[in-house]
Amino acid sequence: MPIRLARNAYGKNAVNLSKIIRHKDYHEFRQISVNISLEGDFETVHTLGDNSKVLPTDTQKNTVYALAKEYFGGSIEEFGIHLAEHFFSNNSQLSQCIVEIAEHLWNRIQIKGQYHPHAYISGGSEKHITAIIKTHEKTAVTSGVKDLLILKTSDSRFENYIKDQYTTLNETSDRVFATNCEVSWLYQIKPKDFTDIFNEIRTALISALANDKSLSVQHTLYSMGEEVLNKFSAIKEIRLKMPNKHHIPFNLLQFGMENNNEIFIATDEPYGYISGTVTRE
Amino acid sequence: MPIRLARNAYGKNAVNLSKIIRHKDYHEFRQISVNISLEGDFETVHTLGDNSKVLPTDTQKNTVYALAKEYFGGSIEEFGIHLAEHFFSNNSQLSQCIVEIAEHLWNRIQIKGQYHPHAYISGGSEKHITAIIKTHEKTAVTSGVKDLLILKTSDSRFENYIKDQYTTLNETSDRVFATNCEVSWLYQIKPKDFTDIFNEIRTALISALANDKSLSVQHTLYSMGEEVLNKFSAIKEIRLKMPNKHHIPFNLLQFGMENNNEIFIATDEPYGYISGTVTRE
Amino acid sequence: MPIRLARNAYGKNAVNLSKIIRHKDYHEFRQISVNISLEGDFETVHTLGDNSKVLPTDTQKNTVYALAKEYFGGSIEEFGIHLAEHFFSNNSQLSQCIVEIAEHLWNRIQIKGQYHPHAYISGGSEKHITAIIKTHEKTAVTSGVKDLLILKTSDSRFENYIKDQYTTLNETSDRVFATNCEVSWLYQIKPKDFTDIFNEIRTALISALANDKSLSVQHTLYSMGEEVLNKFSAIKEIRLKMPNKHHIPFNLLQFGMENNNEIFIATDEPYGYISGTVTRE
Amino acid sequence: MPIRLARNAYGKNAVNLSKIIRHKDYHEFRQISVNISLEGDFETVHTLGDNSKVLPTDTQKNTVYALAKEYFGGSIEEFGIHLAEHFFSNNSQLSQCIVEIAEHLWNRIQIKGQYHPHAYISGGSEKHITAIIKTHEKTAVTSGVKDLLILKTSDSRFENYIKDQYTTLNETSDRVFATNCEVSWLYQIKPKDFTDIFNEIRTALISALANDKSLSVQHTLYSMGEEVLNKFSAIKEIRLKMPNKHHIPFNLLQFGMENNNEIFIATDEPYGYISGTVTRE
């Protein structure tokens, strides 16, 4: 059988951009990281070294900075859509353009209950993310959160699972549930305001996790996804990745002490990894 | 439309295991990291919290350590296949089991030209990887390398690309080509010895990159893939991910000095990201 | 001259411990990472392999978990002092014991304005830190913050510096000031409540940075240190490390656009690194 | 007591520079990361915002790139000394200048036993480091290695240590010894060739670790230091940092199997941390 190029893509990753938006009374500070990925009629680039259809990744980077001046002022979703449309409409060789944006969150500092006009503190490792996948047929938009670290110290059980010759885990009706969520949802209709619906869905996810009577990570994951689909008709599908950041009770009995579910070893590896998609389709 | 669970998976990641294999004259030291991922009849786990079909990730971890005693002595591919078969044949609820193994390389220390019997130095960040995807129909095996850092200081051009209003990059007939390769290939027939063929393919990839007269990263990527498919009939398909680790000439002209392609700023971000699959299908 | 052992130390690092403190109406979740470092009469350990005076680092780790049950309920400073005293009074071979604790911050989740009783969200990368250095003569206690990311978009100038043949930086009366502070302060008298004074000093540092009319990072660093020493008589000395996380204006002129101090490249490396100690001595 | 500025320093960190040195038959590729740190008459910078004595960190960075063209061709020690002398002799306000350089290692690729003229593979995470501390009185030079991962599977015991109520560790006459060494040594006389002596000392350190009959990490650390001071009269003092990367035997007995010191859990945290200085003074 002949050898041929199959799926391929190229683009610029980690275009780190900050913007100051100068409002009358205060500055808005935004920090994003942008990835661009292009697919299309690029076979001869690979096979012949013909670069005549290649928009260099350096130019992609420049374009992000240039377009940010006029077009990045609102949601990252809108800016991402603008970028995808720009690349797509100016490059007829493309069959697909993916734009991914992650926004690092900064909060205005409060001093004695007043917001400072131009000083900010990091919002932590949590990021607001979006991905725009543009083809000739359609523009799919997802939004989500990444590195959302949540934890609960009660209402989490894990029981009645399979036991075999390698089982050592004890069943528990009360364990620590800790996870570093990555969640993204696909819009089936364009929302009125991407930022508003993002904030509402984020709140719904956190509430669902906090209030769930968890029987497993899977069980909670599904509750979270179901909650979002039930409440937000604009959402077609939601994907959740929930690593299980284990907190293992430390054995104090060996020192003649009781550990009433109070002292834990926090571990990074190994970790459980649970992922699932909840959909209307 | 009703809400339902779509694709989902769970398992244990980052099961870090070391093994000493005690040969007559020397010790062999192996260090691997294993990921397990299971798919199957898990809908009620999510929707009802019914754990009766859940093999806990803790048990998966224990199983890796237990089976490593008898079954991990040769290639990571063979051990991975054994693990996948174990989980698959003991858990009828599974439709798919993925086992991924990354091996950290250790080299025996040489002292005055002699190999030390039990002392090792790290082989660096490069890892030998494998993935086994087992379903009822078949067992797909891939092997590969990850974090293979290669660089060449000549035989790399980038010219004749699209110019638009955001272009600032200069064409160059002589640039630094540096990449952190991740490559994996799919076997269409089981090789006689996974370790032998791995070593041969790794050598072929490195030689292809070193000797290529590169017109772009894409061009080199394809050459590397083509070389492997041409030389190794056991391989059906090869996937390459080659970030472009830019080395930007430092502007010495501003100090009245010439930079004859000798002094560079090594940057991490942003970076070009090129991926492609070369196939026989 | 004879060869001899000079300064040496050993201990266990990164003892990761979580504790749930079950109050009547809610759970308090604490997560810390502890380092222990011992110095003393350890010469023969090194020179002869005599372990008779070695308290194993594994035992140090166990001790941290065991003592956390009874003694970790309030400030990390008090727990650190307790640990240092425990090791010091039970090991007469010690001349010095250093205990370092970093606390990862978790905030109770608010749902519709109400604190959830047992669900938490990460407080980000910022950590509350302490170090206790215990010797026969005294116990020195420092507290501080680490990975405190702050940024201001105005009130930061950098002008009138030395120019030489390698200068390319332009003077600016309005730049982004961004830093990832690590600050620690030494108590000269024991405060009534370590947690209260920590919170007050943290607030003072953030306010000082936010309100400063900065002429340089050094200038702001000193203002912050001076503010703390002026306001808090319990503090003898304060040390600040303030990397300068550069935000470089992107050159939009090359595309015929103006950059009115609005679009920046956020860079990680290289970075300015400024450190200084402000003291009463 | 009045408030005043105590010790302070500033400079540029992580100046990442690559250089191609074009020899007749092959290219030499060098990659370094440089830190500059200046101390001196900088009190009014902090207290008054007077920048008239400040050489900006941006200019420091430019200087590194500019001087690399002519002066970086041999050892990093010689280049570091040149940089330190440049900054010191051109800035009379300095009392001390520290230049630190870490070199990332690249090896020329061998194809069929022949070195390729311009293709390289990463030498791993190990780095060759140097620090130059220049004052009016003297120039102290240290060289060393960082991130040198070594491991031995035999000749390592740990016995006869203190037991107390928190001891759970078992004595062992045969354990895995793994460490990520950072070692640096101070020259008392300038060696003929910094690169030659570096290579010899590195070899001596690795041999000493490999061949030691270790009774503890401390015992091996001292052997390594003693070996270097015994063999190399140019060295005045050597400092070793040797984290203990624990490999914990996995409990197979719980599955009715024996673990004859063959299957281990490789852990990152917590870790033992042992440091010591061996000196002639």
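To keep things simple, chains are lettered A, B, C and D as they appear, and every chain counts its residues starting from 1.
Simple rule for what comes next: contacts are C-beta pairs under 8 Å (C-beta built on N, C-alpha and C of every residue); 3 or more make two chains touch, one makes a residue touch a chain.
All figures in this text were calculated on a predicted structure; none of them were measured in a lab.
Shared contact partners of chain B and chain C, listed by label, are A, D.
Centroid distances from chain B, each centroid being the mean of CA atoms, peak for C.
Note on chain placement: the centre of chain C and the centre of chain D lie 24 Å apart, centres being C-alpha means. Per-chain Cα centroids separate chain A from chain D by 37 Å. Between chain B and chain D, the centres computed from C-alpha atoms are 29 Å apart.
Across the assembly, chain C contributes 16, 62, 66, 166, 168, 255, 268-269 as residues in contact with two or more other chains.
Chain A meets chain D in the complex at residues 165-166, 168, 254-255, 268-269. By the touch rule above, chain D contacts chain B in their complex via residues 16-22, 27, 29, 31, 62, 65-66, 68-69, 106, 109, 111, 116-126, 148-155, 176, 206-207, 209-211, 247, 250, 252, 255, 257, 259, 261-267.
Across the complex, chain D is touched by residues 1-16, 35, 37, 42, 45-59, 61-63, 66, 90-91, 158-162, 164, 166-169, 214-219, 221-222, 226, 229-230, 237, 243-244, 268-281 of chain C.
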